[in-house]
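Take a look at the structures below.
What follows is a pair of complexes built around chain A, which joins chain B in one and chain C in the other.
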Partner chain A sequence: MSAHVGAAVAPEARSGWVRRRLADVGAGAIDNARAARLLYSIFIRTLYYSVRGRREKGAVLRACYDIGNRSLFFLTAVMGFVGMIMVFHSCTQINRITGDLHLVGATYIQLVVRDFAASVGSMMLATRVGAGIAAEIGSMVVTDQVDALRMCAAEPVDYLIVPRFKASVVMTTVLLVWAMFVMEVSGMLTAWGMFNVNPRIFWNISMVDFRDLATGLTKCFAFGAAIPIVSGYCGLTTFGGAEGVGWATTRAVVWSCFATILLNFIISTTALYLFWV
Partner chain B sequence: MTESLAQLEVAAKQPGRVSRGAERVVRRIGRSVVGIAQQTGGILVLLGKIVRRFFPPDIDYYELKRNLHKMGNRSLPIIGLTSVFVGAIMVVQASAYVQQFSATAFVGWGAGYVILRELGPILIALMFSGRVGANNTAELGTMVVTEQIDGLRSLAIDPISYLIVPRFLSMIGMLFILTVFGNLIALCGAALFGQLTLGIEWRVFFHGITELLKPWDVYVGLIKSLVFGLIIALSSCYFGLAVRGGAPGVGRAVNASVVASAVGIFVSDYFLTFLVD
Partner chain C sequence: MIRFVGLCKSFGTKSVLDGVDVTIGKGEVFFIIGQSGVGKSVLIKHLIGLLRPDRGEIYLDDQEISRLTERQYFAVRRRCGMVFQHSTLFDSLTCLENVALPIRKHKHLGKKKALVEAHKRLEQVHMEEFAQTFPAALGDGMRKRVAIARTLTMDPEFVLFDEPTTGLDPVSARRVDVLIRELADRLHVTCVVVSHDLTSIFSIADRIVMLYKGKVRLLGTRDEFRRSADPIVRQFITGSAEGPME
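What follows is the complex of A and B.
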């Protein structure tokens, strides 16, 4: 995008290096502002059609199956390994300093509920679900199916993004709660097998309170809403054949991962000031 | 392969079978096991082909230089942006405990340990796989579906040494360098945010890092980044070369490649964590 805007300014800007750089920066800023406006407009239209749009029978359920069931194995495997790595690290570090392992479980469960299940799990979902959505919508764009929809006076956002949005909000929350459970079980097994921590002592949920639960669930909900919007935007703005579909998928993965990190930062900071400070 | 699977399906559909559901489950499991075995084998064969091109070195240096620039320099902004937020999130998560125990001297150690050993290499590798790995799969896949690879072969240019080896080398090298930069940026982000929210002096923060961490903690993260680079390079090249069926095929290949990279990163991280400690 920035390349051809830059090329359009090139004749006047040829005079100097500084002007050329300034033109690049300006073109980049204009591109980003345009992209942000389009993203915002897709978000608003998605919300509008979620309430007001038509309801196709089974579309949301199909999207739920695609987003939820088909990510289950992938998410379970990855989160199991993450849980093992985290408990292994914290136990070795505690052994080096105090050697008192009886609070590891309680603190670990609190951290998993408040942050780690949602943040690591949603990056995984952004990778799988985001790439899938962008690839699907992107292939429809380059084969002119989206233009055909528009020609039939059907809003592409209503047909393509809204079912995935609804499904993703529900399924991401469900999957991330499942991820919390998987991380706790794999962490418990690691602590039991390698550090001799009794599972009953490890499975201590006394430190998890309303604040942790509220923060964790808000994150699940926000990430579930952000992933389909960002990747749907990347899919709808695809241009240029097979290469374009590849580019759209790449952008979807990068920007949905970045969106989850940014949202995580915002929600964590808000929760910190709201609940703990 | 597909023919023999089709034959199996035909054979399985013959009358005299009783439990349809169980049979379908077994068939599906078998199919995914065969698929995973096929992919692993294909990736190892590709690795063998790449290694053979180093004896004697048969690498296209112009292509190598171009890929180093495209994969390294142009990924720096998104890696830097991600790293700042990762560092800040670490401090936000720690700050509830820090205020509870007023352990400001340990924030630098905690954030440094987690960022340098685990979170930095993993998150940077995930972003790299989203940006560079996915893009690489898309590019190679587009070349396959537009028959450019066959075109290279017909000109007696070896696609492996012309296309794959430079990408392989530049992905491994650039992920390593980006991890070094990303770790530094994440630590600075953590220090900045610690100063802003918890009022921890920069000097106290970095003192915690230099006093309580050993050089080995830095090296572990960098060794991990080399292995992650290998995994991303192999999976993205393999899935790119294995594309079938036009623009939708490219989208599917990108999806499969990022999922395989993510699983590979976490599984190898688990084993590396055990091996190096």
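What follows is the complex of A and C.
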């Protein structure tokens, strides 16, 4: 009897399960589409208010200090170690194969300028700056301060994201150029100290030209713009209490890193087609 | 007059408001009561466009406002002030600058003129001596008074209070009650108050609505609530742990 009932109900139950799974997938797709639209809207509004919004120099300068000055030591230390590790492994591998280290400096500086300083440095900044922006804005959301701003006829994007956006574009570019220099010096000292490589070859810029410089600086600029927008979006969409702020911070770091990698791919591919193909 | 008609709102799979119909008359002190999480704050946030309904309509003096854009809501927010539960003063601004912000944005006044007007508003709530103090240095009651001053800067016709006495000592709480009653009696401001504070409810409310499971459970005067035989209402107003409430 029970087997008979089970056989009769099973197809319905199966179709119900399938419908629920499809509904889950559909709901997820709709949520993602909404999130993408909101992120795009924040991006457009940030650009708009950067030109047409309020002018308050103090807010931008404070954000410059928070994003730039306060990240300097952290970024210098991290990029210094990254430079040391990269040169150490490069020289070790070259020694195993050819033993000829005279081009290591030129190729290293090209890699650092074109790609590495910007991409690794911006991910480091995403962990510090992105998390800070999301936590601050997220806390304001859960304590209704963002709603209070809206009640004062103030646009939250203009007040909360635009100063950080302007500051981040400037300071991230400056910090990442500094990171290039730090990586170069730490790499040079490692090669000199551990592999007895002449330091002068690390200032051989024969392999670096305008195209490398343009690609590297475009990345610095783009990453500097992406981090506050993505993190600001994560902050503004915070939901819940302290746990929500925690999740917003985590999402800001993850999505900012993802954005830098995606932008890196887009800019590198574009540069390849524009300059080298 | 404020009118909510068949208002529905869900967050994900959780239905918070499920067809709420409420009308609030001009100059009333109107209390919205109910358990935590029942949707009291959600209901009043719909009026000023901080939340948008899934279904239903909201009328402000016979104008349907639930489909306005964010920018169109600025005009509604000039007429409807809100005092938030956590005061929501901006920590990076002094009390004076906090009060001046809506004056600058809504009235498009320069900074100096806005600060002069803000100072007058702080005097109204007896907080002028703390004008240059940052909110973090103040107690909850003082912060609440500055928040009320900020809300009153626009001379709103409607003021929404989200749990105005929560976290205050009894004396400060009763002072806030007096302030709300005065707003209605002297300035004919319509005050919509979300509260759990039974002392406030039964001392200053003109009418009360109780929400339960997303619907209106009872709408009436203080006496009607006192006389109500509904076991859910009785349990709430007596604050009893035992009863039919989930």
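Everything below uses one rule, namely that the second predicted complex is superposed on the first by the 261 of 277 C-alpha atoms of A that agree within 3 Å, B and C clash if a C-alpha of one lies under 4 Å from a C-alpha of the other, contacts with A are read in each partner's own complex, and residues count from 1 in each chain.
Here, a residue touches a chain if its C-beta (ideal position, glycine included) is under 8 Å from a C-beta of that chain, and two chains touch if they have at least 3 such contacts.
A quick note: this is a predicted structure, and the numbers were derived from the prediction, not measured.
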Query: With both structures lined up on chain A, is it a clash or a fit for chain B and chain C?
result: fit
Task: Determine, under the contact definition given at the top, whether A:Leu263 touches first (chain B), second (chain C), both, or neither.
output: neither
Query: Which of the two partners, first being chain B and second being chain C, lies in contact with A:Ala222: first, second, both, or neither?
result: neither
Field: Dominant contact partner of chain A by residue count, chain C or chain B
entry: B
Message: Under the stated touch criterion, which partner chain does A:Thr143 make contact with: chain B (first), chain C (second), both, or neither?
response: both
Message: Tell me the contact category for A:Phe88 with respect to chain B and chain C: first, second, both or neither.
response: first
Message: Touch test for A:Val230: chain B only (first), chain C only (second), both, or neither?
response: neither
Query: Is A:Cys152 touching the first partner chain B, the second partner chain C, both, or neither of them?
result: second
Query: What is the contact status of A:Met124 with respect to chain B (first) and chain C (second): first, second, both, or neither?
result: first
Task: Enter the shortest inter-chain Cα distance between chain B and chain C once the structures share a common frame, rounded to whole Å.
output: 12
- prompt: Do any residues of chain A touch both chain B and chain C, and if so, which are they?
  reply: 143
- prompt: What residues on chain A touch chain C, complex-wise?
  reply: 143-145, 147-154
Residues of chain C touching chain A in the complex: 45, 48-50, 70, 74, 77-78, 81-82, 84-86, 88-90, 101-102, 105-106, 150, 162
Query: Within the complex, which stretch of chain A touches chain B?
result: 74, 77-78, 81-82, 84-85, 88-89, 92-93, 111, 114-115, 119, 123-124, 127-128, 131-132, 134-136, 138-139, 142-143, 241-250, 253-254, 257-258, 261-262, 264-265, 268-269, 272, 276-277
- request: Spell out the residues on chain B that touch chain A in their complex, using ranges where they run on.
  value: 78, 81-82, 85-86, 88-89, 92-93, 95-96, 99, 113, 117-118, 123, 126-127, 129-131, 134-135, 137-139, 141-142, 145-146, 197, 246-252, 254-255, 258-259, 262-263, 266-267, 269-270, 273-274, 277
